[in-house]
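In the two complexes that follow, chain A is the common piece, with chain B as its partner first and chain C second.
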Partner chain A sequence: MTALSASGPTGARDTEARRHLPRLTWRSLVIPLVAFQFLLCFAPQLYFYRLGLAENVSPGVVDTSVLTFENFREIFSDPFYRSVILKTLQFGAMMVVVCGVLGFPLAYVISRSDRLRAPLLLIVLVTSFMSVIVKVLGWRILLGDSGPINDVLRFLHLTDDPLRLVNSMTGAVIGTAHAVLPFVVLLLVPVIDQVPRQLEHAAAGLGASRARALVNVVVPECRAGLIGGALITFAYAMGSFTTPSLLGGKSTLILPILIRQQVTTTVDYALAAALSLTLMVIVLIVTIIALRLTRTTRVSV
Partner chain B sequence: MKRPFRVATAVVAAALVFAGCGSDDETTAASGGQQEDRVLRVGMYGGSWTEAVKETAAKAFTEATGARVEYVEGNPSDLAAKVYASAAQGSDPPIDLIETDTQTQSQLAERGALMPTSEYADKAEDTFGSVETPPVNDGYAPPHCDWYIAMVYNTEKFEKANLPVPTSWDDLFDPKLAGHVAIPDIATAMGVPTIFGVSGDESPAGMTKGIERLAKLDAYSVYSSSSDMSSDFANGNVWAASATDGRAWQLVDDGQPAKVVYPTIAGSDKIGPLAGNCYLDVVKGSKNADLGAEFIKATYADRAQVDFAKLTAYLPSSPTALKTLVEENPDWTERVPDRAEAAEMDWSQIVPNLDKIVDQFNRAVGR
Partner chain C sequence: MSAAASAPAASEERPGTAPAAPPSRIRRRTANLSVADIGLWGIAGIAVIFLLLPIFFALISAFGVNRFPTFPPDGLTLKWFTTIDSSYVAAAKTSLTLGLVTAAISTLLGVPAGIALARWHGRGAAFVSALVRSPMQLPYIVIGVASLQFYILVARELDITLLGTIGGIALVHAVIATPYMVGAVAPAATGLSRDLELAAYGLGASRIRTFFTVTLPALRSAIFAGAVFSFLISFDDIPVTLFLVGSERQTLPVKLFFGAEFSFTPQLFAVAATVTVITSVVLLALTRVLGLKRISGV
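Coming up: the complex of A and B.
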């Protein structure tokens, strides 16, 4: 009681003082992060994208006083650039399918198996720690014409001539999937964890096989997570450069590789910026569609 | 189950942290002299190339000046892109000296990104008058090494496939070699010379013809890094490749089942071509132009060129150094083609059309 009476006037003053201070909420904690992202990420990006609307006067020199859509006209009227955009989308789509098909079963096993959960998670984590270059160099040897995979295929008489796995879209997809798969799996495991096992037991009780229960019960429950995983995969694939260029070679000319060519070989910053903006808009459109799908899924769930 | 997992994760994380702590020391320490506090930033290829430069010219340079050398590794086109970017922004160049090939030097010179060499070219002529190959770009540095475009082939694979020893660039198109050939990308110094090799004509029409021929070639790879080509060759994926003679001879020196030939150019009895040279130039705007000039001169020294050749298999540009090299190593005779038999490319025809050639190549080859 004494304490209460002693703190009474002070407490009232504190409350009054707090009322005049800006309210600090948990949301305020994101302000430094947003400021950091804007200054170090978005601002240079915006500056670079602005070059896409400017004119390339000579190699390395861009006239920013001019506002023109000429670079975009060139990109969308030239069959070469259109084919590169299509190939990039094709690459992204293939990545989504491959990572979905490989990632979901792995995440399911990790989620449902008490015995394998820890070792498999460790493997997935270690894989995600590995340097991309190390992975790519390993794949170059494994997938080469004289590599062990082609050796096995020939030994089994599945092919006479070696399959072109390196310097092809196949190699680029395999290598990039190896890089992005851990993230997809780590995203899907908690999603599958949240699906009650009783649902599968109930399905089994009603005569469904395990595979059918997985497809008809678990997968629909994980749709939002799957869309999130697909989005991560797509965005990663659309921006990946090292793996496609080292494993895909010249035959996998996708937008990031073309942008790099424009910057370093042709030194046409304006066209490179316009291509970058095109890439960003494509990813943005797909992201919006995916988010809408997720929202629809949530509502329907 | 959880405890071992945590321990294992911690061990892996610690190992990765320690692995990340390692770093290459890119800096040659000053060994005395008057300018210990100055640093010359030299952009050049990494790996054995930089190591050879450190062992030869850089050592002499540091002994003479006391200045430190910092190496920025990258291909000429990547380094040039950095130079263009800094010039466009009006900032100081990221490097003082740039190692280039003929193609990149021509582009840099044309775009005004290099410092003309009048300050030290005369000195170079006096001191190192033996430099044989004149600069393609008048007013800029003469080369410190020369190279030919050569074909390296895997003797075991050729024997097994009953393929004849290649003598002409046309032999790259042998159907039996389909899928086993590596050609350089246009972004490399070897790209344009390879086009010339298969067309024999450096005019715009000739370049177009060469690109069209290469586009029909079933290549295993269109490499943008010579080390990738070497790796594919060593793994047996590539049976024949167009490469610099220096890189080709390195494969022989590494004990690979490799032989090097200097094929004749399409429609000609000339070999090669003598495709390119290695240049070091001072980047425009460098505050260490004086040090840069000293470094460049150090690369012209006959002894430096001989030792550099032994370490990299790239030929000296100085006839005196070349003579010394062959005298000291008689087996090098086969590595020195007769200049009179080699075709020299007319870069003055190529440079004005480079952007078009690059664009044509990127659209057509390997896709």
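Coming up: the complex of A and C.
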């Protein structure tokens, strides 16, 4: 019946035109990219992880004919590697806290202020595209032992000896958080945009304080976005070694820095591969936990 | 980078159409400014200062006379800019070439894939979509080291040199750039009305002609945004490129990184300041042309 009613003079032409639409060919347009990613991303990844199950014979030479878990046994039994893994997790957690504490309020103001939205977005956007090197150079000046921040702290008599900000975990977290913050904000703004302002007015109308309205209404509504932002921050932290190695010094030996050392200094590709796989598994586990958190039912007010 | 992924989400809306709250509401909100609001706006202010302060200090320090940049500098000078080593200019050219080649590969592969994913709703569509976007989730350093090992293998087994070549590096840059191109094109293609294409078919245009004269032009600003992001991802990258460049041909960020690892010289600040000013001007020009909304995605 519906087919009959649709086959008017215009309807007939329409369905005929639709029949000409290459339904199958649209799907095939994705094939080149999938093939490309398999060849240049997934295959190299698999090959690389296979090296992690092989034996390093001499610097730069990996014997792939053997299959051994020796590298992983070493990583998980040696307290040195365990401390590196713990430090990596600590670094990721600190990054998430710093980016969350600074990112949510900034995204909220951008979302709710009609006057400041455009200029603040422009600032966030421009800083997101700036080279990490210029950011690191700025932080080197700011955080140095005789830099402006230590000068201010000394002037306020908050500290007598300069705080060790550069070449410490603090410096690494500050610098890396600075690099990710714009992306977190750009992710959170549309999330907060979708929370109707009326919800906050309704909460206020029902007698809730502003703080209560924010914590009990806005934050739960943004839950998925906040977890997404935390995941981006964590994944970024797990993959970055440029900023941590330039600002963190020797005291920030996290997995990415250790992997680079294994590749360029020790030239133990097998161990580098095993450490990379460990890093990947950490990211995967944290992602799965976070996605589970997203799916659980919202906390009721 | 997430900007690229979410960029076209709002693509169908013209910039500046954000609904303004009625004036009465604004008045009420400012009248009842609570401790929570003050805290929120205060932290937001700190976040903005946090974002801008190091950049400001890096730029100022490039003009300081001190051999070891400090703040405040003992005087201002332009001499570090005039003594920029010619190897930096060569590195900048390499980076520029790499960025353009990456943008080209990313466009060729990412645009068709983005359109395909927008129009394919059958079984497997969600999986393939997640698959082509997955390189985004991989730690960049792992991509870099894995590619290095893979290229060594390719050189050994097939006798093809990819390590240290523009093509070899650009291919890996395209691996990390294509997810953003797909992220830019797919939502725009989803929002695209099929009526125009149907009209073209109705008027007798072939599929291929319709694709090139109707579909692609309708998506041009999303494609352009995706290409710009691809270029910038390549142009800025350190963790992947570091492992793939040879000693004689370095990219600008990798050269700056090695320089910074060695020592923080004023020349380094001068080069970084120059790059920062150029990218900022280009980006500001782009937001003028394309609109803040498309570039930022919000």
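We take it that the second predicted complex is superposed on the first by the 263 of 301 C-alpha atoms of A that agree within 3 Å, B and C clash if a C-alpha of one lies under 4 Å from a C-alpha of the other, contacts with A are read in each partner's own complex, and residues count from 1 in each chain.
Here, a contact is a pair of C-beta atoms (placed from the backbone, for glycine too) under 8 Å apart; a residue touches a chain by one contact, two chains touch by 3 or more.
What you are looking at is a predicted structure, and each value in this text was computed from that prediction instead of being measured.
With both structures placed on the common chain, the touch criterion links A:P220 to neither chain B nor chain C. In the superposition on chain A, A:S146 makes contact with both chain B and chain C. By the touch criterion defined above, A:Y269 reaches both chain B and chain C.
In the superposed pair of complexes, A:V136 makes contact with chain C only, with no contact to chain B.
Of the two partner chains placed around the shared chain by superposition, chain B and chain C are both touched by A:L246. Of the two partners, chain B and chain C, it is C that touches more residues of chain A. In the overlay built on the shared chain, the residue A:L122 is in contact with chain B and with chain C.
In the superposition on chain A, contact of A:S28 is made with chain C only, not with chain B.
In the overlay built on the shared chain, the residue A:P196 is in contact with neither chain B nor chain C.
Overlaid on A, the two complexes show chain B and chain C touching the same residues of chain A, namely 114, 117-118, 121-122, 125-126, 129, 137, 140-141, 144, 146-147, 245-246, 263, 269.
Every residue of chain A that touches chain B in the complex is listed here, in rising order: 58-62, 80, 114, 117-119, 121-122, 125-126, 129, 137, 140-141, 144-147, 161-162, 164, 166-167, 245-246, 249-251, 253, 261, 263-267, 269. Residue ranges of chain B in contact with chain A, taken from their complex: 1-2, 4-5, 8-9, 12-13, 16, 77-78, 80-81, 84-85, 87-88, 107, 111, 179-180, 185-187, 220-222, 224, 228, 231-232, 235-237, 355, 358-359, 362-363, 365-367. Those residues of chain A that touch chain C in the shared complex are 13-14, 17-18, 20-22, 25-30, 32-34, 36-37, 40-41, 43-45, 47-48, 51, 101-103, 105-106, 108-110, 114, 117-118, 120-142, 144, 146-148, 178, 181-183, 185-187, 189-190, 193, 197, 201, 204, 209-211, 213-214, 232, 235, 238-242, 245-246, 256, 259-260, 263, 269, 272-273, 276, 279-280, 283, 287. For chain C in complex with chain A, the touching residues are 1-3, 6, 9-10, 18, 20-21, 25-26, 32, 34-37, 39-44, 46-48, 50-59, 61, 69-71, 108-110, 112-113, 115-117, 119-120, 122, 128, 131-132, 134-135, 137-143, 145-150, 153, 171-172, 174-175, 178, 182, 194, 197-198, 201-202, 207, 232, 236, 238-239, 242-243, 253, 256-257, 260-261, 264, 268-269, 272-273, 275-276, 279-280, 283-284, 287, 292, 295-298.
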